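Contents: one structure, followed by commentary.
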Amino acid sequence: MSAPATAAPIAAAQRRTRPNVGHLVAHAALALISAVALVPIAWMTSTALKAKGTELEWPIQWIPNPIVWDNFVRAHTILPFATYYKNTLTIAVLATVGAVLTSSMAGFAFARLRFVGRGPLFMLVLATMMLPSIVTLIPTYIIWRNLGAIDTFAPLIVPSWLASSSGGFSSAFAIFLMRQFFMTLPHDLDDAARVDGASSYRIYWQILLPLCVPALAIVGIFSFVEHWNEFLGPLIYLNSDSMRTAAIGLALGSGTFRNTYNYIMAVAFTMTMPIVLIFFSAQRYFMKGIVMTGMAGR
Amino acid sequence: MRGALAPSLARPRISRVRLRENVDAYVFIAPWLIGFVCLTAGPMLASVVLSLSDWDLLNPLRLIGPGNFVEAVKDDLFWLSLYNTAYYTFVSVPLHLVAALGAALILNMRLRWINYYRTMVYLPSITPSVASAFLWMWIFNPDFGLANAAMDLLHLPHSMWIWDPDMAKPSLILMGLWTIGPQMVILLGGLQSVPESLYEAAAVDGAGLWHKFRHITLPMLSPIVFLCLVISLIRSFQVFNLAYIMTQGGPANATLFYVLYLYRTAWESLRMGYASALAWILFLVILAFTLLQWRLSRRWVYYEGELKR
Amino acid sequence: MRATRRRFLLFGAAGALLAACRTAPSPTPAPTAKPAAPEPTKPAAAAATTQAAAPTSAPAAAPAASGQKSVTLKAIHRIAYGPEQDKQVFPPGYDLFRQKTGVAVDETLLPEDQQMPVKILTMVAGNTPPDVAYIHPQWLASVAGKNALVPLDDYMKDPAVKASDLWPGAMQYFEFPHGSRRFGIPFYSGPSVYIFNRTLLKQANQPAPDDLEKDGKWTWEAMRDLAAKNTKGEGPGKIFGSDTFSSGLHWMDVLIWAWGGDVFDKELKHTLLGEEKALQAIQFLADMHYKDKSVPEAADQQGVTGGKSGRIISGRVVMQYGIKGNVPEIADWAQQRNVEIGMAPMPKGPAGRFVRNGPNSFCVMKASKLQDEGFQLINFMSQDDFQALQYKVGAAVPPRKPQMDSEAFKKSLRPWESLALWKEAAEADKALAMAATHIDIQNTFTPAWDDIRLGKKTAKDAIAAIVPKIDDLLAKGQS
């Protein structure tokens, strides 16, 4: 089973190489989906550039007249968005590093190691996803309060380092995902390494992890997106303005009696674009076939 | 392979190897274990206590025994929201999977601009909800929406979509398909681990596209498909945002999903005890379906690297 | 205090942690606690009211409050008028308050979002309560009904509060039970009036509501008629004669009263929604929806044509039931578009004219250790200095009668606003009495209203089905 590993990098892509009807259909379908997917983004962008009071005019004026570039500046200076973004980035990056590391560790153990309690413990991992978090919010808050961590980033970052869930991102999901990906790898990889005297740690770090780059990239993207957009956690745990995140700032941009759609959309734009870019550039990691990575050492 | 390895080792060494493996495994799951004990287990246990209590969040709680569970059985809205949620789950989970799998297969092709297409299919999942709500309000608008324009093309009668109690759930399911991105990404990642040589061998045998999909792609991808099914079932049973943003549970409670009802019970009615009971009932429902999936998975999920005892 | 602690001990593992950390210092460092040196002495008002403090203010907590010179109130607020507008009002307002009293305000601003209660409740349940919090009148009954707020009646006996200046109608919204204990003093008030697009009516050669009012013909029936006549076109260009009405019982109450009915009986034991007059009023509204189609349906309201201040600013809605908070946005829009806006009182019904309101106030949390200071802030925000800051924004009717006659307020009015009408509205203002379970009652009513509005059921049938449920909830709200 190690032979397939040396095959073409992008699996299945070469099933049909000549340009054909299938490709045309695929292009047409994808172009249509892309067009629809771009509508809200286009609306968001155009609204962000509209003059106050003209945001909701119907029919939609897709190219605003006049174009108010200043909205972007004002939307981000009414509230201290430089601080908000710094905070958001800190949380998202630190939490994501932790989530990728700890979920892959746990996923590896559940997929590749035999140990007492493996089955029940794994069910327990899944079970933590099954209870709506609404009813655990207050007890969890009390734990963080007792640790003196209210109005710090700890409740938003530390759970990811302990492979437990915080807000929209579920580490249990990540563990399950890692486990499934580890389980698709042929077992003779570790057996051969063990015969060579490799420890579990080496098998994890040097042999299997490099083969799981797609899964790691996926967990990384999901974690980053969820922590970047997370609303409830920062709302509950953070109080000071200097600790706020961009998602809270975005929500704060809306007044009770006033449409501030142009400002809101300007912020929504700057919140969305980094994720789009990250996804765009990260896809080469999860599109990497088994072969490209990690096999060089063998 | 493992069978070949084991007998070659002497007995005492097996147990030492086994012990070693156990220790290693617990080191690997240590972060999770610590997190579970310190952060997750306490609140979960606390919610068990809450489910047996009457607690308005503002005053001391009062233990009342299983009364909340008895109340749930007699509660119309409990049954209605459970029905709404089950409807949503059982229709949307398969649809979601088929759509995501289709998208993943297409996006795994070697096409020009494929990187852009992939980003576009993922884009809806990261579009801020204010912006995507705008699009869907427009699509569903009964007077000039795109959905009714499509109905015209198909010579079908117009609908009020999310504003019609009978159509609201199907409309939200349709809208849910908008965010297949994450599942598509997972499946796409899974497709990378299907060895190309299998396809080549099949091609030599003259196998068609369907045959390759059915006998190579699907079995090799089955662990990942299983992952998607389990996760999306767990998530769908807890569907909340769609209704919270688009319909607030209406019209006429047609989209009052379970967790939305639970949310109202906890934070609006200030009945955290009853909400906790509802949460644990949902927990049991989801657990039952997950265990069922687990059982069934033995028949169709193929693990290349399965551990055998 | 002790009671809440007992509760936490029940929290399984969390309880053990808590017991260990019971004496941990308050986790919130209050970073903005700048020393407020200038005024070392408390003003007379505070001194006079201190003895009135509720008995629950924990003895253990007392030293912290009285021993220090500078005190910081932890306040939870939401965006009130808009992110830019609020900057002109609240930070300078708190500064002024600090100069006067030596009490600083550390405000945590929350989004105007339904999840605001989640934050407040979590803070209270987690034993890190704010001292004062913005409590919406619709939410007041739930929270006050659970004894989580400090009644202000004793404080209000202080002559410095000048309680008799306050509009009684707006004050009712902070009473619980209705007509008894008071929990807030509005800093914002917004009694309802009718606001209309005079340009559209002129173009159609139709009488405006204020013209009809002059002739004594401005009734709900006349409004419906006018709305139907001015509904034109279809699709994205459709003009609606009237804006839609909220499904909130605390909005619809004015119609039900105008027909001579009521939402609940006096003792809040039974709902009267099922009685003839209330049904007529509800059916009247529903007919505008599904028979006349003169109001935007939910489909039209959301997303494409909506505005925070009502859909009049889409330019496609002729008139709406409006409040003072809507004025700046509508006025700015009208100026930009050269549209003439008019203002009229609420239409009359068979039983007369009724006005509703949605005033805003902070409330003092019972768990707070700074209850006196909390009241001081609430009182301060209703007084002239703070109100003067709000006139600049022009989105609030002042809560006190004499303030309405101040030059500053008069000057802040837009040309089409009428001082007399605002006064009349503030005078006629009346709150719906709510039970502690009102939110559940509302959540029971809304789906029924959906069916009525969509024409799927008559008011009679749909309401009949929910009357027992509402009565049940009323009974639960009594205890």
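Here are a few things to note about the model shown:
Order as written gives the chain letters A, B and C; numbering starts at 1 within each chain.
Keep this in mind: contacts are C-beta pairs under 8 Å (C-beta built on N, C-alpha and C of every residue); 3 or more make two chains touch, one makes a residue touch a chain.
The model shown is predicted, which means the values in this text are computed figures rather than measured ones.
Distance from the centre of subunit B peaks at C, each centre being the average of the chain's Cα atoms. Between A-B and A-C, more C-beta contact pairs are found at A-B. If you average the Cα atoms of subunit A and of subunit C, the two centres end up 39 Å apart. One inter-chain figure worth recording: subunit A and subunit B are separated by 16 Å, centre to centre, where each centre is the mean of the chain's CA atoms. In subunit A, the positions touching at least two other chains are 138-139, 143. Among the residues of subunit C, those in touch with two or more other chains are 11-12, 14, 17, 118, 121, 125, 236, 304. Across the assembly, subunit B contributes 42-43, 46, 57, 134, 267, 272 as residues in contact with two or more other chains. Of all the residues in subunit B, the ones that touch subunit A in their complex are 1-2, 5, 18, 20-22, 24-26, 28-29, 31-32, 34-36, 38-40, 42-44, 46-47, 50-51, 57, 103, 105-111, 115-128, 130-132, 134-135, 182, 185-186, 188-200, 209, 212, 217, 220, 223-224, 226-227, 230-231, 234, 238, 259, 262-263, 266-267, 272, 275-276, 279-280, 282-283, 286-287, 290, 303-307, 309. Against subunit B, the residues of subunit C that register as touching in their complex are 3-4, 6-7, 10-14, 17, 117-118, 121, 124-125, 142-143, 146-148, 234-236, 238, 297-300, 302-304, 437, 439-440, 443, 446-448, 450-451, 454, 456.
Partner subunit C is touched in their complex by these residues of subunit A: 52-54, 56-59, 78-79, 137-139, 141-143, 145-151, 231-232, 235-236, 239-242, 248, 251-260, 263.
Contact residues of subunit B toward subunit C in the complex are 37, 41-43, 45-46, 48-49, 53, 55-61, 63, 133-134, 136-138, 140-145, 160-161, 163-165, 249-253, 256, 264, 267-270, 272. Listing the residues of subunit C that touch subunit A in their complex gives 8, 11-12, 14, 17-18, 20-21, 24-25, 27-29, 31-32, 78-87, 108-113, 115, 118-119, 121-122, 125-128, 236-237, 304-309, 313-316, 325-326, 328-329, 332-333, 336, 395.
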